[in-house]
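What follows is a single structure, written as structure tokens, with notes after it.
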Amino acid sequence: MARLTTKAAGVFVIAVTPFHPDCRIDMESCDRMVDFYLEVGATGLTVLGMMGEAPKLTVDESRDVVARILSRVNGRVPVVVGVSAPGFAQIDALTRMVMDLGAAAVMVAPPGTLRTDDQIYTYYTQIAELLGDVPFVLQDFPLATGVQISPKVIARIMNDMPTCVCLKHEDWPGLEKISFLRKEGVMNNRISILCGNGGLFLPEEMARGADGAMTGFAYPEMMASVVAHHHSGQMERGRDIFDAYLPLARFEQQPGMGLAIRKYTLAKRGIIAHDALRKPGAALSEASRAEVDRLIVRQERRLAELG
Amino acid sequence: MARLTTKAAGVFVIAVTPFHPDCRIDMESCDRMVDFYLEVGATGLTVLGMMGEAPKLTVDESRDVVARILSRVNGRVPVVVGVSAPGFAQIDALTRMVMDLGAAAVMVAPPGTLRTDDQIYTYYTQIAELLGDVPFVLQDFPLATGVQISPKVIARIMNDMPTCVCLKHEDWPGLEKISFLRKEGVMNNRISILCGNGGLFLPEEMARGADGAMTGFAYPEMMASVVAHHHSGQMERGRDIFDAYLPLARFEQQPGMGLAIRKYTLAKRGIIAHDALRKPGAALSEASRAEVDRLIVRQERRLAELG
Amino acid sequence: MARLTTKAAGVFVIAVTPFHPDCRIDMESCDRMVDFYLEVGATGLTVLGMMGEAPKLTVDESRDVVARILSRVNGRVPVVVGVSAPGFAQIDALTRMVMDLGAAAVMVAPPGTLRTDDQIYTYYTQIAELLGDVPFVLQDFPLATGVQISPKVIARIMNDMPTCVCLKHEDWPGLEKISFLRKEGVMNNRISILCGNGGLFLPEEMARGADGAMTGFAYPEMMASVVAHHHSGQMERGRDIFDAYLPLARFEQQPGMGLAIRKYTLAKRGIIAHDALRKPGAALSEASRAEVDRLIVRQERRLAELG
Amino acid sequence: MARLTTKAAGVFVIAVTPFHPDCRIDMESCDRMVDFYLEVGATGLTVLGMMGEAPKLTVDESRDVVARILSRVNGRVPVVVGVSAPGFAQIDALTRMVMDLGAAAVMVAPPGTLRTDDQIYTYYTQIAELLGDVPFVLQDFPLATGVQISPKVIARIMNDMPTCVCLKHEDWPGLEKISFLRKEGVMNNRISILCGNGGLFLPEEMARGADGAMTGFAYPEMMASVVAHHHSGQMERGRDIFDAYLPLARFEQQPGMGLAIRKYTLAKRGIIAHDALRKPGAALSEASRAEVDRLIVRQERRLAELG
């Protein structure tokens, strides 16, 4: 499988982990989900993302899920695997396992204890050394990690470590950070910038110079459409479509409930069989389900209006 | 001036503090802003809110701003004043000052050190004792304060302290919290619930039983419209209007930049004379200004379509 | 192997993980360390503690270390294993592995996202259910976890879940918490309270009703001596000895450097072969080593004076 | 009054704010406290420190306390006043007030929102500009502020801003930070370093190159003695005395209870009339009082032994 490069672009959908109602992993749903993501325009997948249920899997389960997804993807798009962990031995073991299975790169978020510029830079120096020639994605997600990485430090890390090929940008929304990294003279090479935050700022992020999205909204077609319209120079149309999805995208971004909403929506769309979450996980109330239903009805109506 | 009661409803706009370019307070803009807020349907005002620039004012300036706003309001709507401070002596002094000037109530957020249920309950017991017969609003804003107040603790505080008449609900979005507080038997009396978060979840919040909004989006007419359509049973129409404003509302909710965006928009609308922020404050880049401009153009077009 | 009960008392030394200079696990040092701890009076051992290097081990390494230590202990004292993890699947897998190997109990700290009383109580309800009949230690360590558990909530958890047999008390120092839990009528049964914080408050903790220590100071004989003198009613003598060790104990409690100091001291004492730490880990400067050396000289002199 | 310079050295005692039992400020105790501090060797005083009860005073009360203390000091030693506040207008107003009253410098801690090196450097650039020619102390206290300032950033701030004359070093204990700042070539000029943390690491801090202490232990004579013995080259004796005070100093450093213990001790010593704390403040239990009493008896006995 080809490895991830600085050319990574488009929509890397962050995959959920489907479970059966008894919370065993639902491998059939994994397959269906992979097919669906690729059909609606995913140019890559990301698995074992930090905000999902990766930490709820055992090491054996993680391997099984990654293997199944890679097998189903079968080389059609690159697959990035999140390997953030408190210690280097764990990161190393997980990286070797998933690269052997055929992953295209790994993704590493900074541990929550890092604060100063030097601490952050040193951490990624050690990570790059540990990973050797394995390409990696720097996940910059202050709301979740509590670590703020200044634009200068990102530039320094990515300039000094050529295996750091992509920034997963999630600095809510950190539009100025994208602009800084795209300024003449800041980077030695043009690195890939893929944006998170559930796609909630994607039109603005693309305009600032992002290469696409890496996030997990239950309608990845929205992200694919915004990226496509951006490239075809039809951003008014792209924004119309974005705006049609925004009420639901906003609803899905509720902290603590987002994943339950996403799984409920994916199950409702028939992509995964069940919306089960593993403990400790927030259950979705009847009222929340009804709200999602209503938002989907309105979303479909608005999309129909737009033609 | 009448004091705030559990009947508080509608839209309490959180006022910005307008400055001259040299950062002196702009009292003429204060007047214009008050008039504007009342014209577009504010049923109340809130000043010296925690997330604004209240902490950047000296005590003398705080008094002058509150006095000017109260004078311009002239009893037409109730004015709530934020008095959160690390110590009780400061809260007491500020409360006495603003109640003497004619405020309708004060608003108190929990200090960031509180954690356990008992710590939070005890804090509000002491606050209620300190404030005597002054009505107060409990500000529940975990994203900003770091303090999570469980629904049960809110119910206990508000049941036990009759001067706590209103919950400023900002638990992002905490829809289940509203549902819990409106459940039969939870509260001795129906208290007022006004919601924050820039109005980003207002349709769902009203459906769950909120009485309105207390927040500061630069188009308060959106909030007024959602509340009105909710009460007239025309929520599909209310949601259409909400959706038209959502792209800008979302953009204004960016942490760290929200206030700059709001002031820029208010200045662009001619409501305040300048978009100046006091240090330390984030300046709005040219690119961000252009994004706001574009969002406003699209918003006006969509509203025109809706008729 | 007998399982841990509410009678757990004395000194449960938290074991370090010895490494070779190339950072492989040093199994010979593991054996020597176990023998040493038991010789100086340990009544139990705790391995894979949260603040140590457990998160730097792979799952396979964790199993190997636990197996080696259990084999060397050979049933002489109970061994508690830390199993805190973000998800239940991981906790479950690790628990089954170590209980099969012969552990006496597991230890669970709350995940850092918990805030309200109900969240904490619910989490431990789910943990107790997950663990079945495996006894567990509740680790209460707010400085590290960011979670504050009120005394009432601890009482509620331990009263309702009979398999929660022991509190690892590390609420810096939280003396009032011990007093509360020992008050007549608070607990249905007398549970075990073992204290952390490097033993820095052990005389006061014993006086308040603790049963001993569960912590990792490089001179566990200090803890054994304080506990013994407490029980023999010779606390002035016990405090004299405590005071002699205090300057070094204080030095070892420096956040971020404590483990490096502890390993340096243990290596200097000949208990482990090397003071190597795995990355990311703080190296001990020459100056710090000299400070430890000086503190040990003074400590020995003072102990000699005391006879 | 002479202003603070980079030559500041010795013991700057952080003064408590004495209250009457009804929580009015006790000005007579202020006077007695000032006299006491100077008698036992204070070379300076610091008032309105962040961890004390400064935030519980109104602006008027702050002025009255500072005025009273300055009047009693009457130019005998320099007085530093803490002016940390969320906004520049407040810092400016407080600074002008206390400098007019005769303060020697102000002290500024970073607001808790700062994270990256550039954010911290920019903040202090703006502070230096705001303060003009008023000398200031940079308070580096990560445990309380949550802000970690790397040694390089401290050097950069202090090299670039000549009015930043002194570092209040409280990076628990951050001995390596002192060593770094004293390394040849790091600083343009030798700045003053005064250490906090209740004096708990003072012998090591002096050995690393600190100029003294700025902290508030109830026995400032300990700090004065350590500093004096350091300068006379009698550090074994200095450490003996330090060790005699350490059990109580350790007890006083308990988070959340430290100030109550300090006031209780000062009242017991007859220096302030009452140990009253303003709300919200932790009361000292009977058991804690007894523990302090016992520690003082033992401390006196040990000091007598040392002669």
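By written order: A, B, C and D. Residues from 1 in each chain.
Basically, a residue touches a chain if its C-beta (ideal position, glycine included) is under 8 Å from a C-beta of that chain, and two chains touch if they have at least 3 such contacts.
Since the model is a prediction, treat every value here as computed from it, not as a measurement.
Student: If you apply the touch rule, which chains end up adjacent to both subunit A and subunit C?
Tutor: Shared contacts of subunit A and subunit C: B, D.
Student: Going by the average position of its CA atoms, which chain sits the greatest distance from subunit B?
Tutor: C
Student: Provide the C-alpha centroid distance between subunit C and subunit D, rounded to the nearest whole angstrom.
Tutor: Distance between chain centres: 33 Å.
Student: Between subunit B and subunit C, what is the gap in Å from one C-alpha centre to the other?
Tutor: Computed value for the inter-centroid distance: 47 Å.
Student: Centroid from C-alpha atoms only, then distance subunit B to subunit D, rounded to Å. What do you get?
Tutor: From the centre of subunit B to the centre of subunit D is 38 Å.
Student: Note the residues in subunit C that touch 2 or more other chains, in rising order.
Tutor: If we look for residues of subunit C contacting two or more partner chains, we find none.
Student: Which of the residues in subunit A come into contact with subunit B in the complex?
Tutor: 143, 172-173, 175-176, 179, 200-201, 204, 207-208, 236, 239, 242-243, 246-247, 250-251, 254-255, 285, 287-288, 291, 298, 302
Student: Along subunit A, where are the residues that touch subunit C in the complex?
Tutor: Contacts found on subunit A: 53, 55-61, 85-90, 92-93, 111, 123, 126, 130, 278-280.
Student: Can you check the complex and tell me which residues of subunit B touch subunit C?
Tutor: Its residues touching subunit C are 115-119, 142, 147-150, 152-153.
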